[in-house]
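Both of the next two complexes hold subunit A, though its partner changes from subunit B to subunit C.
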Partner chain A sequence: MKLAISLIQVLLIVGTAPLLRGVVARIKARIQNRRGASVFRPYADLWKLFRKEDLVPSTASLLFRLCPVILFAATLMAAAFVPVLHVSALLGDRGDFILLVYLLALARFFLVLGAMDGGSSFGGMGASREALVSALAEAPLLLGLIAIAVVSHSASIASIVRWAISRAPFVLSPAHAFACVALVLVTIAETGRVPVDNPSTHLELTMIHEAMVLEYSGPSLALIEWANAIKLNLMLALLVALFVPWGVAATISPVALAIALLCYLLKIALLAVALAALESSVAKLRMYLVPEYLGTACALSVLAVVFTAFTR
Partner chain B sequence: MGLVEFAAAKTLASSAVFLFITVLLIAAARRTATCIALFTAQCLVIMAQIIASAFLYHSSGVLLVAALVLLVKVLAIPYVLLRISRRLKVSQNVSASTTPAQSVFIVAALILLAFAVVQPYARAFALDSEMLAAATAIILTGGFLMVSRKKALMQVIGLLVLENGIFLAAFTTTFGMPLVVEMGIFFDLLIWVLLMGVFIFRIRETFEHVDVSRLRQLRG
Partner chain C sequence: MSAVGTHSKGAGGRREASVLLAAGNTRLVSIFGSIDDDGERWVHYIVDVDSHEYRLFSEQVKGSIASVTAAAPGAAWYERELHDLFGIEVEGHPSLQPLVFHESWPADIHPRRKGQVGGDYRFLKVQGEGVCEVPVGPVHAGIIEPGHFRFSVVGDTVLHLELRHFYTHKGIEAHFEGVPVMSGMMLAESVSGDNCFAHAVAYCQALENAFGVSVPPRGRALRLIGLELERMLAHIADVGALCGDVAFTVPATYTARLKEALLQASARVTGTRWWRGVARPGGVTRELAKEDARALGSAVAAVAHDFAELAQMILETPSVLNRFESTGVLSSNVARALGVVGPVARASGLKADVRRDHPYGRYRTLTLDVPHYSSGDVLARARIRMDETAMSARLIADAVETLPAGAIAAAGPWDGSAEGFSAVESPRGELLYFARVRDGRIRRCHIKSPSFQNWPALPLAMPGNIIADFPLINKSFNLSYSGCDR
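Up next, the complex of A and B:
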């Protein structure tokens, strides 16, 4: 039973990832006074891409075809860490948050490698930018998670969530608050949303993610786009699980699970609205201001770690 | 009634954290309008805290102070500041002498300093150490903002943040000053902001900028 629930959680993150993308795009369109595409449009896009031919540049090696698969697999593994409905996740008790961070790093590494293997100059530019952003985002992500792990005396995501549920609700410790702000900043950078990268451009000199996937087509592109959507969903679910886990079922019963599902959907919907509002109100940062932005996140996460000494 | 008291207790317990976050975000902000919005948010947190303690300790006189905070600090002063910054027609940039990341690091250090300094006092007088640390950190950050920002408007915001800290320190240690004194301070503050507005306009008319680091010589 527990295994079934764990599998359902992974499927929920993986399956609703394109929907989340569609919802954010739709809300953004509404804010900009457009009607916008259907929220199910990303599914149609994926379906279309999966049926198309996979074109490989003549200069590319086997790595080019392999990278999207490894990227998707690593992201899928990372999705198995996050408790969504029930406090236990498929890999939540076995792996710790360090493994989670480095699975995401692995996914990124192969995305960058594939982009450079494509042979176009745009791919190389995107890859170098992505490498810069991920190198700078890794420290605050890891430090923020370390702060929470120290406060909760556990390294695995599932036991952190278990600990958070057992506490009285809405008691904010400074360490938690700082880690939360830092991780929100990192999430925006990691998932390539607006102040750092614009997800809705296809021809812009400053684009990061789109520049990397320019050479990909067909099923490979579909895997990359899906993995990217999963990553956004996974990071949001992680934020929810770490900072506002209330509503997650502690026991396996239909009522508790139904409440957990409702709470989860509500929280993610609120985050989607917040994300769309942020993307519509903030201008994209110039590339050389991105280190500044991530430096702020870094300062906050260092502060969070230091503040664990003051937390009872 | 149980729910109201629950909410009040939670507000009191977590307002220090929100104050820390507003202070850090003011340090990271790049535009004066953002700074003004964050200052307003800070005043809102302080107001929520005053209302919460009024409910918890059953002292309705304190509610009047909360109303004053709402009128003067949440509505009047941000309105005046926004008007000034819009009518000055200079760039919105705060023109800091430190980068946002450096500012956040410095403010983080100031918060830690405040925490370390406040501990013995809080223990001796049985006060909430987090709240007192928040007040001290806000005072220090206000000073830091005034020193490191070159725009004249940012000096005003820095001083207002500093005043917030002093107000909060008085409120946490002695449960607020007498109402007459409190009203006098708020009135002073409002007049002071209006005067500073006029003064900034004069600076701009005379020098055609509001960068205080360039005010180095007399001009007739």
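Up next, the complex of A and C:
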């Protein structure tokens, strides 16, 4: 039963990932006074891409086809660490948050590698920018998670959540506050959203993520796009699990699980609205201000670590 | 003809032009070639003196001509085009490489005359540690016109940018030859789609000057309404596109709605969204009824009001200002040397505006206060467009209110032989048509497009900027590929 719940959690993150993208796009359209495409459009896009021919540049090696698969697999595995409905995620007790961070890094490494293997100058440009962003985002991500791990005396995501729901709702440490803001900033950078990257641009010179996938087509592109959507969903789920886990089921009972599902969907929906509102109200940063932006995240996460000393 | 300028023909035309261009109070408007009735090649120079008088100098080409690029750097592209199309050797040109033709073009074919042309095209090689070349285009990720950009960069910083355009060279000037005078407007409207009315009016004015026909006051007022409406459409779209480029999506979609409101208002009163088929030599083809004029006026006023609020909101958003300010600076010295025109010139401290400097039509009776900024960055180019949109709305409101009665077009003798030229201020700047007519048909039509003039300035606004800002800087110039390549 527990295994079934765990599997359902992973499927939930993976399965609703395209929907989340569709919802964010739809809310952005409404803010712009447009009707917008259906929230299920990303599923149709994936379906279309999976049935298309996979074109490989003549200069590319085997790596080019392999990278999207590794990217998808690593992202899928990372998704298995995040508790959504029940405190025990599929791999929640088998690995700590450091493994989670490095699974995401592995996924990104192969995405960058594939982009460079494609041989176009835009792939290389996007790859170098992605490497810069991720190198700078890694420190605040790790430090933020370390702060929370120290406060909750645990390194596994599942036991962090167990510790948090054992406490009164919304009574967390100052370290949590700093870590939360830092991780929100990191999430925006990591998932390529405005103001760090623009997921809907057609200007190849300004792209980060989109430049890396310009050479991809068909099923490979579908895997990359899906993995990217999963990453957004999993980062938001991680934020929910770390900072507002209340509602998640501690026991396996139908009622508790139903409540947990409702709470989860509500929280993700609120985050989607917040993300769309943020993306609609600011312009994209100048490329050379992105390090400053991530520097802010880093400073906040350092503060979070410092404040763990004052938290008992 | 005094209103449009003087024309001196003779052996010393080129020298006179180059002496004038070396002086400080002049600006090169255009250089073009033609072939006369005896099959001889001529070269023509149009020079703007003191920003108030156009002078046309013509000289028959014997052997080769001497370059004027040293005196007027803006002549570089014109002389390369002369070399490509007419096979005229230009001595002393700093880099007489093919401009219109690409590598696949046969070496000894000049569409306007046979001659000799140089070999392959070579991009300037920037050397040094860490310098690499980034080729962009002519096929782009989005649906835009084709153009090739070759960046030399160190990291993300651009050291040098070289343009390779003319993928959309359609030989429109050659197509004009033999076209009856009264059918040329359709060709003119197809040169640059979003400036089609300005092109048609410039074409008509060149013929009106050639034949000495005067447009009745009502026709002039209607032309002004069309021209200013076109300017509003272009500027509103440009401001929206600038916001879109920095992922500030709300104003980007909002401007699309405003633009559509103007297009629909146009369609309701003229039957055409872009005023196609409205201009004709002698005046216009469509009457504007009183209630239609009022409806158009109120639609324009509503759009101008909404746009002013939107512009205010954009200028008050720090993240947008951060992207626009000090990005892509075009200094006024460079702008002046290259004879840059239009909003780009006015954002770099030059006060050039054909409507004020060489007034035509209804503008002769108006006193215009042309907005200008001196910072020369993306922000200045955005603000110019915001200010001019408001100004255009005021001009339209005034024209609609005081619409003169009478005929909308003058009949003219269009079947003789004559030649003349005239300029209008298109949304992109000075647009000049030169037309030579023989027995009611166009013999030679030269189009000086503002984009041809301004493209060479774009690379000079790039050095020191990061390559990721290029799309934004390019959009702030918003030059036409089709209008440039013709």
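A few notes on this one:
Here, the second predicted complex is superposed on the first by the 310 of 312 C-alpha atoms of A that agree within 3 Å, B and C clash if a C-alpha of one lies under 4 Å from a C-alpha of the other, contacts with A are read in each partner's own complex, and residues count from 1 in each chain.
Here is the rule we use: a contact is a pair of C-beta atoms (placed from the backbone, for glycine too) under 8 Å apart; a residue touches a chain by one contact, two chains touch by 3 or more.
In this text the structure is predicted, and so the values were computed from the model without any measurement.
When both complexes are overlaid on subunit A, subunit B and subunit C end up sitting side by side without clashing. When the shared chain is aligned, no partner comes close enough to touch A:S217: not subunit B, not subunit C. In the superposed model, A:L300 lies in contact with subunit B only, and not with subunit C. By the touch criterion defined above, A:E292 lies against subunit B but remains apart from subunit C after alignment on the C-alpha atoms of chain A. Rounded to the nearest 10, the superposed model shows the Cα centres of subunit B and subunit C diverging by 80 degrees about the centre of subunit A.
For subunit A, the partner with contacts to more residues, out of subunit B and subunit C, is C.
Judged by the touch definition given at the top, the superposed model places A:M125 against subunit C, while subunit B stays out of reach.
When both complexes are overlaid on chain A, the residue A:P174 reaches subunit B alone and has no touch with subunit C.
Using the contact criterion defined above for the overlaid structures, shared-chain residue A:A283 touches subunit C, although it does not reach subunit B.
Shortest separation of subunit B and subunit C in the overlay equals 6 Å (C-alpha atoms, whole Å). Against subunit B, in their complex, subunit A makes its touches with residues 170-174, 176-178, 181, 291-293, 295-296, 298-300, 302-303, 306, 310.
The touching residues of subunit C, counted against subunit A in their complex, run 134-136, 140-143, 156, 243, 245-250, 252-254, 257, 317, 319-320, 322-323, 466-472. Touching subunit A in their complex are the following residues of subunit B: 10, 13-14, 16-18, 20-21, 24, 28, 99-102, 104-105, 108, 111-112, 115, 130.
Contact residues of subunit A toward subunit C in the complex are 28, 31-34, 121-122, 125, 194-195, 198, 200-207, 210, 214, 279-289.
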